[in-house]
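When the chains are written out, they are named A, B, C, D and E in that same order, and each has its own residue count from 1.
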Amino acid sequence: MSKRRKQRKIIKKGLSPGTLVYTGEWAETPLSVVTTWWTEEDYLEKPLFSPELHEKAGVTWTDIRGLNDTNFIAAVGERFDIHPLALEDILDTQQRSKLEEYDDSLFFIIHNLRLEVEAMELASEQISIFLTRNDVLSFQEDPDDTFAGVRKRAVEKLGRLRKKGVDYLVYALIDTVVDGYYEVMNDLEGQIFEVEEMLYQLNTIAPIDIKTKVFHLKRVVNDLRRRVTPLREASTRLLRSESGLIDEANRIYFRDVVDHVAQILDALDNQREALSSLETYMQAEASNRLNNVMRLLTVISTIFIPLSFVAGVYGMNFDNMPELHWKYGYFYVLGIMLLSSLFMLAYFRKKRWI
Amino acid sequence: MSKRRKQRKIIKKGLSPGTLVYTGEWAETPLSVVTTWWTEEDYLEKPLFSPELHEKAGVTWTDIRGLNDTNFIAAVGERFDIHPLALEDILDTQQRSKLEEYDDSLFFIIHNLRLEVEAMELASEQISIFLTRNDVLSFQEDPDDTFAGVRKRAVEKLGRLRKKGVDYLVYALIDTVVDGYYEVMNDLEGQIFEVEEMLYQLNTIAPIDIKTKVFHLKRVVNDLRRRVTPLREASTRLLRSESGLIDEANRIYFRDVVDHVAQILDALDNQREALSSLETYMQAEASNRLNNVMRLLTVISTIFIPLSFVAGVYGMNFDNMPELHWKYGYFYVLGIMLLSSLFMLAYFRKKRWI
Amino acid sequence: MSKRRKQRKIIKKGLSPGTLVYTGEWAETPLSVVTTWWTEEDYLEKPLFSPELHEKAGVTWTDIRGLNDTNFIAAVGERFDIHPLALEDILDTQQRSKLEEYDDSLFFIIHNLRLEVEAMELASEQISIFLTRNDVLSFQEDPDDTFAGVRKRAVEKLGRLRKKGVDYLVYALIDTVVDGYYEVMNDLEGQIFEVEEMLYQLNTIAPIDIKTKVFHLKRVVNDLRRRVTPLREASTRLLRSESGLIDEANRIYFRDVVDHVAQILDALDNQREALSSLETYMQAEASNRLNNVMRLLTVISTIFIPLSFVAGVYGMNFDNMPELHWKYGYFYVLGIMLLSSLFMLAYFRKKRWI
Amino acid sequence: MSKRRKQRKIIKKGLSPGTLVYTGEWAETPLSVVTTWWTEEDYLEKPLFSPELHEKAGVTWTDIRGLNDTNFIAAVGERFDIHPLALEDILDTQQRSKLEEYDDSLFFIIHNLRLEVEAMELASEQISIFLTRNDVLSFQEDPDDTFAGVRKRAVEKLGRLRKKGVDYLVYALIDTVVDGYYEVMNDLEGQIFEVEEMLYQLNTIAPIDIKTKVFHLKRVVNDLRRRVTPLREASTRLLRSESGLIDEANRIYFRDVVDHVAQILDALDNQREALSSLETYMQAEASNRLNNVMRLLTVISTIFIPLSFVAGVYGMNFDNMPELHWKYGYFYVLGIMLLSSLFMLAYFRKKRWI
Amino acid sequence: MSKRRKQRKIIKKGLSPGTLVYTGEWAETPLSVVTTWWTEEDYLEKPLFSPELHEKAGVTWTDIRGLNDTNFIAAVGERFDIHPLALEDILDTQQRSKLEEYDDSLFFIIHNLRLEVEAMELASEQISIFLTRNDVLSFQEDPDDTFAGVRKRAVEKLGRLRKKGVDYLVYALIDTVVDGYYEVMNDLEGQIFEVEEMLYQLNTIAPIDIKTKVFHLKRVVNDLRRRVTPLREASTRLLRSESGLIDEANRIYFRDVVDHVAQILDALDNQREALSSLETYMQAEASNRLNNVMRLLTVISTIFIPLSFVAGVYGMNFDNMPELHWKYGYFYVLGIMLLSSLFMLAYFRKKRWI
């Protein structure tokens, strides 16, 4: 529980605006910079900043992992003329997904999400992408390289990456992150499926831990929804950006991202409903069970309480109780008891209680 | 259950964008191509691609069934200049209904839906329609020909099909699919009606399987709604398309499609409400029943528990219990018991419990 | 029930678009045509089509009742140049209210609604109005003449009808239908009022048939809402129509219709809430009752079960039970029983259970 | 109850449009007309229409109270060229708040609301304001003069009223009515506060009349909301009116009205939530109580029912029951009973039931 | 409770518009005025109004604390040409956050919020900011200086405050207030966390005071939401203001404020859902508990009531009861009782009730 709470914590900001503080969870990640440059023919990769690469025509992509060296980030901001507030946003990793358009550059924030099945919570890594006419900068929090696949496609000349410009690279980066959402969705599907199976197999009142799991799943689905929803707006604005940084011919790729985001939101609605349905099912099942329990109690009580009363009457010790001395008094009473309980059973049967 | 789940599965996409993979359920469908060409006077039909047909003036319609030969699909894409992302969408059959407008072509995705009554789930076949100035391409997943009726109308010169251009053909194809939705709606109506009849006839607490059926129906209705909703936008955009591919005089037909989609969404709202109403009814009925059960239990207990106590008292074995030796003690007690139970009955009658 | 279901049935449409089939309930209505012509000074009425009336300057109104003679309808369509899809809509009486604008004509669909109190359902008659520069055509399903009042106003020169043009006649027709909605609303009000009175008078748990009635009323209110909502859009579009068929000076009358529709939707919200309120009241009442029942059961059980136990103890037949032989044992026990039950009563009184 | 219903009644309208019928509740109010004229320097007030006042430059305000003399209203309409539908609206007092813009005049409908605390319902008086270039006409239903305060400000030259034109007078009239809403809000606050206090003090299950009061309060809040919501649109349209009748410099006053309406709607949301919160509280309290009741019943039953059974066993009259003849049999049994009930109590204590 | 109510109180406004009355809670705050002037090089601070400071080029900021001296406020309004309605708004501290644009000035209302944890309510201080070309006026209700941090940054030349103009100062003021919202959010998080911990640790039915706390938290979250929502619109309008008072280069700072407000609203949604989740959890837990209680009661009753009945039968005093005289009758009966209770236990075990 405490883990989940930390994630939701909101960092207090009493600082002067523009002060750079890293607020994320990967405070221990060592800084790592990779600069990659390519044209359709050539490909170069350097483990550090390489001013000469940025001079050459072609696509230059600087990938920065580890955000706790704020001085370095400040220097990068200086070098590439990134607005102080954008720098702040790179480090303050509670941002919503958004697109900021500057005179000659675009700044995009997206979140790499992963489902931590054990704790049943979303782990989020903020990824910031900065696009100028020739350069792409990407900032990752986590030491794991989310973009290894993109780099491989560049090295091995797979797909269209080497044939297209910086805007296509930005698309490839965003697409990689959005693809990760499908994995989260699949994991969620698996969890929901498991709960459903468990529930239908049990054929009994859901134990409290299944209910808790459904609550947690709902919370994750809502959390995911809240994170993906602003991405819809951000990606739509990117698609429609009039900055001149997105090539007309490549716009269709960004439309594809917008479609994927819409598809994910649809699927999330689906999951939300499946979970609501499960809740309703559990509730109906519980109320059904309570009805059955009460019915049994009532049937038993209604039959035996009057009989016990009759037995009690003939257990009284009055001197003068004529029935006690009848020869077949006992059998008469037994007979009456039998008849009355048969009558009761017939009544309950008619009322479909048993 | 497992079937339904499969349907909701989301295919993981870690692939480079533009990679063609068929993700649907009809992986075994053999490829089948039919090219049809007509003018108001002539009609030709060839079982394969016929380059010469595409040269001639008139309507050329190429219908492709079976999508697992990705090389073939890629070749078709090459031949007709279909955008790689559109090709991908043709094969990735989890798409939402949508319209993509290209420079000189339109690309429309719609889903052929059918209610599988047994499993109470929607079966969906994605149908992609590609329209250029002279050609219509349609892609079907399923070996069954959804468009047999359209072809028949072309052959037999029924209606306006032979008199109109490619845009009217696209309308005829879409209209055929949308007509299928009315069948799904009718099947759903039938199911809902059956449940209602069952429920009102039973006149008892709904057994758990009726509740389950109502849940499943609700899920199907919601599923259908989610699939038809994006079609409303797509068909409205098609109606308003400024591509020049839709003839002004034929716009009214597309408006008709938009109206039908709106009508279906209205009817779905109707069904959703009917199902909610059923749920509320079942719930009210159950709570009513519980009330009755508890009332009976309380009436019986409240009458007999005190009486049993009195009988218990006079069943005690104290040496000195004067009442026991009264001549009519037993009858006094019986009388008091009778009076108190009559009093109780009157009280409950007044409170309208019995 | 079966009646209501039929009403909701959706007609399967596997036919070629434009095929004329009447889908309504008044299949037996004989065809009846009345052509009326007037100027401010003159008035003529013929029981059939009168080509000469359509030639003369003035307002010509052709009212057609009974829609099952599809050939006749087709001929009318030919004569007045009505679009085939509009003709289809006239006959397919499950349409939503809508306005279609053609080059030189307007086509408006509205529904005449009536509350069938017995079956607690809405009866709907689709009315189609076709307006050209000089002609108004109205199509009614039902043999009863909805527009008798309008005709009377024309004959007797009441109001402004004879002074105004065809657009005012269209307004008068629509206004007549909308006025009918007020009657439906009044009937609904009456029903709701009756249920409320019944409920507050009963002062007991609502019997299941009142609940059913509330459900049905809610269904009708929702149904009505769903039918009137598209009318809001249709009438607003009519108000803003730029076809040139609506005179500027008469727009205010159509604004009046829009206002009335908005007022009806407001009143429907009102009724919906009144019904929800009733449901909540019934539910609260039922839960209140259950609480009371359980409280009584608990009070009685809690007092008498321990007492009965004590009586049971002294009814045991052990040889050695000293208390039995105490002189005042019996009275001690009775005293203790009395005290404990007084204590219990005080406890429950303090807890405000009794 | 009957009173509230009457208020919600919808007047049947089978009349020719434009027929003047007063539909309100103040049918007995005698007609009273006051014409007031002022400039910054002069002030005149006549008890009747004064044609000469309308000729003079300055602000002329004609206030008409009592709407049942439809001939008089018709004459006023003639004199000031009020559209027949506007005249109808003045008399049909079930209108929504609205603004109608005519060529050279504005027509505004607003409702004076008052909370009738006893009946817990909103009393509504429709006020119609008609603005031309030099004249303001106001129509009130009620004999009480809502605008006495405005007149006083004019007489005593308070505020800016005498310095500004007819548009400012319209603002002053509307502002007076909107101020009245704050009073309604205060009364509602008081009622809600009272119910809350009652509820928290009781510290018991809410009696049914508190629930009823909460229902009624909710109904009033919803009613008020429904009446104020159209005013938001009407006042916004008045603020943005391009009729030339509202002076640019005075627009800020109308913006103030819009702000007040928004503030009232906010406060209504607040109250709605407070009431919902109360309902949830009452419901939670009731369910909590039921739980407690059931727990007590179960504890008592679970302890004593088995004990009673044991006592019953040793109360049997079999000849051969060895335990009965043991010397300490009775005490053994008592001891076992004591132990088992202690064990039970410990178990319930552990489960936190007691 | 009474405290919270007072806060929600709506001040009755029967006064002439424009009358200045302070309606807030800090009626005792003494007036305190600080005028600060700076350029990038110089800094001056005077404890009173200093006409000469307002003449000099540079940023002049007049901060007024304590609003009960309405004459003084009126004089300030006169001096800086503040519109009478804006003056009224400064003093009427129930305003919604808003932006008013005048010809050459902007007027912005925002609220400084603080969570009073004890009373679990929001304390609100209205802050009004008035911006002209060279001057900023800020009005605070509370004697505590909310803007001490801003003044410090100006004195110590921290950040960009001294380098930028009046618009940046306005941003700094608004940003300070919005930062305070993060603190409120953190406090709320803490409270929610505490409740969650308490609830999960208890592992029992939630006592009524936890429920009450959840209700209060929900109320505060909703209250906060309602106060921040209008700020979203106000800050967006400020960002897009075309008054010429906001420098293009500084717009990005106002966009930052808009982002923060959106982030806060997101986080509030999060909290709202966490609280709803808690409620659902509590409710499910309670219903689960009730089920368990009822099951235990039913199991005990169903086993022992029939057994007691049998014991009662053999406790009857009939002369002729043959079983009583069987040698092993007692043991037979005991055996049958044992068997029947074992059977019952097996049945309940099979039904998973125990």
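We take it that a contact is a pair of C-beta atoms (placed from the backbone, for glycine too) under 8 Å apart; a residue touches a chain by one contact, two chains touch by 3 or more.
Here the structure is a predicted model, which is why all the values come from computation and not from measurement.
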Interface residue overlap between copies subunit B and subunit C, same or different (over half shared): different
Centroid distance [mean C-alpha coordinates] between subunit B and subunit A, Å: 25
For subunit A paired with subunit C, centre-to-centre distance based on mean C-alpha positions, whole Å: 41
Multi-partner residues of subunit D (each touching 2 or more other chains): 290, 294, 297, 301, 305, 308, 312, 315-317, 321
Touch-based graph of the chains, sorted into line, ring, star, complete or other: ring
Ring of chains, enumerated from subunit D in the sense that reaches subunit E first: D, E, A, B, C
Sites on subunit C touched by subunit D in the complex: 149, 153, 158-161, 171-172, 175, 179, 182-183, 185-186, 189, 193, 196-197, 200, 252-253, 255-256, 259, 262-263, 266-267, 269-270, 273-274, 277, 280-281, 284-285, 287-288, 290-291, 294-295, 297-298, 301-302, 305-306, 308-309, 312-313, 315-321, 352-353
Residues of subunit E defined as touching subunit D within the complex: 1, 5, 8-14, 16-19, 83, 85, 94-96, 98, 100, 204-205, 208, 211-212, 215, 218-219, 222-223, 226, 230, 279, 283, 286, 289-290, 293-294, 296-297, 300-301, 304-305, 307-308, 311-312, 314-317, 321, 323-330, 333-334
